[in-house]
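What follows is a pair of complexes built around chain A, which joins chain B in one and chain C in the other.
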Partner chain A sequence: MAAVAILQDGPSKSAHRTGRRWRDSDEATGLALISPTLLYALALLFLPVLIVIAYSFWTQDYLTIDHTFTLENYRIALTEPIYRDLLARSLVIALVVSLVTVVFSYPVAWFISFHGGVHKNLWLFLITVPCWTSYLLRVMSWKVILGYQGVLNTGLMSTGIIETPITSLLYNSNAVVITLVHSWAAFAILPIFVSLEKIDRSLIEAAHDLGDNKVMSFLRVTLPLSLPGVISAFLIVMIPTVGDYVTPKLVGGKDGVMIATAIQAQFGKAANWPLGAALSVTTMVVVSAMAGLVVLALKLFVRWIR
Partner chain B sequence: MSPPLTGAKFTGGRHGIRKSRWLPIYVTVYLGFLYLPILLLPIFSFNNAASTTFPLAGFTTKWYAALWGNGAMLDAARNSLFVGLCVAILSTGHAICAARAITRYRFRGQRAATGLIMAPLFLPEIIVAVSLLMIVLQIGIELSLATVILGQTVFCLPYAMSVLISGFEGFDRSLEEASMDLGETALGTFRRVTLPVVAPAIVSSLLVSFTISLDEFILAFFLSGTEPTLPVYIWGQLRFAAKLPSVLALGSLMLVLSILLITIAEFLRRRSQRRIQGRLANG
Partner chain C sequence: MAEMPMIEIKAVSRFYGIYKALDSVTLDIAAGEFFSLLGPSGCGKTTLLRSIAGFDTPTSGDIRIDGQSAIGVPPNRRPTNMVFQNYAIFPHLNVAENVAYGLKRLKLDAQDERRRVGDALDQVRLSTLGKRGAHELSGGQRQRVALARALVMRPKVLLLDEPLSALDKKLREEMQVELRSLQKAVGITFVLVTHDQYEALAMSDRIAVMFGGRIAQVATPKEIYQRPLTRAVADFLGGMNFMKARITGETATDLSVETQRFGAVTLTKPPGFTCGTSEATIGIRPERLRVLWDDDTAPHAIEGHVVDRHYFGEITHLIVNVPGLDAPLSVSETNNFGADDIPVGAPIRLAYDPDALVALAD
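And now, the complex of A and B:
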């Protein structure tokens, strides 16, 4: 889980210029060392994405692909009610999930950073452990918890709090949101924690000394300074969430279906790769745009509040 | 009792940051929320009933016993073990080179290269899976465990990289320079000076990659062809309500294994950081 920390800190740079030939220089050695990994990522990440983009402009003609350039797939992806609605729902769910995750995780990150004492690492480890276990199993577990004959219903009934099972727990978008918030909790806490750690504590003390109360010093000092972490948390939760496949399938029911199910169908039963590719590209572009807007909104909000 | 208006007291007086008394309660509840799903699976895996309802119906180990006679499950477990080992070695090997390049050298395009390798962290997994599926079928490679290994390695690289970068960072370069000055070759220096210091980080990266591969579902689901890994096998079983208890037993074993591996990995990563910091302090 150190990933997030590194993404924020950036790699440490070591400038070491010598007058030797380029072949022996740091630049050449560095490039030579990274090239196997880089080629691997180019071949199995960058190139495949390019192919997806190319396919999205082609057409499926029964078993062959018509390579004539067309925007028809994008027209279908954006205007056909089924895909348009799935995309809209996926975006709303991703937005809600990232918002809820960040809001609920912030106090935990704050607690660990300001009151974790000598046990900060232990706290972080405790938070991240559930995140390392199988995602599929955790979603399955939520299905067991929220089901009609599930843990929550039967538990509440055996304690006499409710008489009949609550039917609205599973198979809707709320179940999807709960499950996704649970899945991404650690991914939100870590970047926020990292940015809180960087705050010079004397700034907060100064705010207190200058007469700001707790809320004001939080809004005017802590929150703005931790904004980079909040933004990272938003992005790292929102973008992957929009394409989630397992959660809607297992706990979403009919009302919780998201775009990934439609994408998967194009590569399975429907066998329409170009449309599947166009749906993938559309999802990525739209979620990136939404992420950009959220970042902008956060920045404006913090500026306004200060 | 009325809550006091100030509602706060000074703790950790060093920084003078006020601590609300509600915050520890909130954090405890939050941890409960995080751990609830992964504690329930083991509880119900020992429950003597085919359904997951309260009150519990008594203790049994029969669901675990049934796993041993399940040939399809054992095949999937073998597949997962094989894939996990290959992915761990491949992604850690790649990440050692890349993390070393990033922490030790400076070159043009460093940021772009790092960004590309780290990109799977910021992409919806289904898009990575779909794009890999397209390129694999385009080239004409049959789906097999090998394609799962290729795909999961891309996915594990960011995690292996972060473990190794934090392990390599702060490594005292004068040790290596001294070794080179004393006549060791670059390879010999790496083997006899660098490697002993960063070894815990490397083992940690292997364990993290193995765990991710063991639990990874989407890529395996798209790329595995006819040989399922454990998560793909479980996915197939979820359609049958009667199979749920044995899935819970299998899932519990996987949870325990994941937590065990990650705990060892964290311990090693911590130790490698201490080791480097110790050398810095002494050197």
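And now, the complex of A and C:
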């Protein structure tokens, strides 16, 4: 508000009455406050997306771009088996990763919120500690753990649980899932924790008072009321995971390749930007649709249990 | 109380570290009684209520509900239901779903469940709001939903944790009347926690006044107001003029005292009165002092003059200085005869009934 007041004392004194009044309004203040972020987002997010969408309707003609409108790229993206399979695998991996991450993160968030006592902040701080190292280093360390001669295999062999190293740990989609679940856990725990913190504890007491045991009160009160946190955790994990490039590249091997690798190839070696763009747009649309379906499914699930 | 009490609290103590929230509380609450736990915040009344509900476990002692010991029994298996201070309405459910919450577990057939929910909503006069969301309710409506949600379970005991404290004054007074008649209609034992003495006096069959984790007095509203046992109880339940008196004689039940201005009187000795010194504290309620107009006479009267005056609409508080008394007397007089017109500084005569004087333990 102060900034607006200063502006008014300046040359705007000659401004039209109604104009001056609008400048003083909450709407103007709000716009002034968000405009740097808004411009930044427009320039670096909205514009590139528009360019990608435009490219997806064009054709690569050796070194030049043919600007005639065509749906050929989408035909390839949706019907070529390789792209269909990659997209399907990416979606399955993303779904599994987000499901596993949420299932593992919920108890952690629940424990901190309900039994963290005075040390809640310390617990939250400890959860963010792995994020202090670079993402690449964390992925690489999973290579060390999951490898043929890795920590897990040698550990299991020395305790006598297995006799020969498990080969299905690294360079496949399992490895991608394991690594991504670990990478995203903190981002799932935090929103779930926040939504659990907001639940009035007397509601849980009321549920017990009305005859629920601990499991029932959790299913009928705690879980439905923490659903916003579960949904955000799910989306926060799922959406970036579909397009993850680094993890499949490092630990995925041949069987763990995801759609982002194919998109990168079109923009890089294959030098077919329009096809890359069409693959990107297809992925975006499919992910949005799946996100919507997941939200709907979670809401129906909660409606069903209560 | 010839019948077995609904709730028996036997030497219940609750420690939080070294802090004694409840200090050996013993109390019986009869079936069908409207019982209030009254006291200032931190006196242990809420801890006691939560112990009856099962949300708090006493460090020692026993709580029996309808003859069964409740120690170790979780809240969901006790025949009690609670109306929470903030009502704890489930925000993700509508009014009818809130009320039906506890019934779901009983697996009634749909028609039976709907009828019981409808009856409960009728009882609290909310029958038209069943579909309304929890967020669209006013404070009074939320309270009614909380009541219906508890009553629909047909508990043996309904526990109410400061249920009226969040409402404005007018609504609070309406709800006092309504709660009282609801309790009469359903015949369930109500245990109410409150820090509002007028609320407790207006609604209860009996009141327990608590201070510092102990019960100071248990009695009917009239008795606890007119015959408080201790200075603290007298002070907590409305105004009281305190004064010192010299003890002239003492029997097992009576106390004879010589007062400074109220003459020699014989009063009932409060139990637990310890006569350490030759002095006793006695008290008289402000409304038991009556202004004598013009030539009125009374068998017992004292004289003084007005030093201050507070106007409260239907009544006026006069602060009267009586020579020979340590502190000025507070007098509460209705404004029917012009008590609000008595000027500060005017001489005044006050009539009193010696029966209105009470001896108080410290």
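Quick note on the criterion: the second predicted complex is superposed on the first by the 265 of 306 C-alpha atoms of A that agree within 3 Å, B and C clash if a C-alpha of one lies under 4 Å from a C-alpha of the other, contacts with A are read in each partner's own complex, and residues count from 1 in each chain.
Heads up, the rule we're going with is that contacts are C-beta pairs under 8 Å (C-beta built on N, C-alpha and C of every residue); 3 or more make two chains touch, one makes a residue touch a chain.
On a predicted model such as this, the values are computed, not experimentally measured, just so you know.
Q: After superposition on the shared chain, which partner residues are touched by A:Y148: those of chain B (first), chain C (second), both, or neither?
A: Neither partner.
Q: Just to be sure I read the superposition right, which of the two partners does A:L225 touch: chain B = first, chain C = second, or both, or neither?
A: second
Q: Figure out whether A:F301 sits in contact with chain B (first) or chain C (second), or with both, or with neither.
A: After superposition on chain A, A:F301 lies in contact with neither partner.
Q: Examine A:F111 and indicate which partner it touches, taking first as chain B and second as chain C; both and neither are also allowed.
A: first
Q: In the superposed model, does chain B or chain C contact more residues of chain A?
A: Residues of chain A touched, chain B against chain C: more for B.
Q: In the superposed arrangement, which partner chain does A:E205 touch: chain B (first), chain C (second), both, or neither?
A: The answer is both, since A:E205 touches chain B and chain C.
Q: Using the superposition on chain A described above, determine whether A:M216 touches chain B (first), chain C (second), both, or neither.
A: Only chain C; A:M216 stays clear of chain B.
Q: Examine A:R138 and indicate which partner it touches, taking first as chain B and second as chain C; both and neither are also allowed.
A: The answer is first: A:R138 touches chain B but not chain C.
Q: Go through chain A and flag every residue that touches chain B in one model and chain C in the other.
A: After superposing on chain A, chain A residues 205, 208 contact both chain B and chain C.
Q: Please give the residue numbers of chain A that touch chain C in the complex, ascending.
A: 200, 202-203, 205-213, 216, 220-221, 224-225, 306
Q: Chain A touches which residues of chain C in the complex?
A: Answer in residue numbers: 53-55, 74-76, 80-82, 84-86, 88, 90-93, 101-102, 105-106, 149-150, 153.
Q: List the residues on chain B that touch chain A in their complex, please.
A: Per the touch definition, chain B meets chain A at residues 8, 11-12, 15-19, 23-24, 26-27, 30-31, 33-38, 40-41, 44, 51-55, 94-95, 97-98, 100-110, 113-114, 116-128, 130-135, 138, 150-151, 153-154, 157-159, 161-163, 165-166, 169-170, 173, 211-212, 214-215, 217-218, 222, 231, 234-235, 238, 244, 247, 251, 254-255, 258-259, 262-263, 266, 269-270.
Q: For chain A, which residues count as touching chain B in their complex?
A: Listed in rising order, the residues are 1-7, 11-16, 26-31, 33-34, 36-38, 40-42, 44-49, 51-52, 55, 104, 107-108, 110-111, 114-115, 117, 121, 125-127, 129-130, 132-138, 140-142, 144-145, 147, 149-151, 154-155, 158, 182, 185-186, 201, 204-205, 208, 214, 235-236, 239-246, 250, 260, 263-264, 267, 273, 276-277, 280, 283-284, 287.
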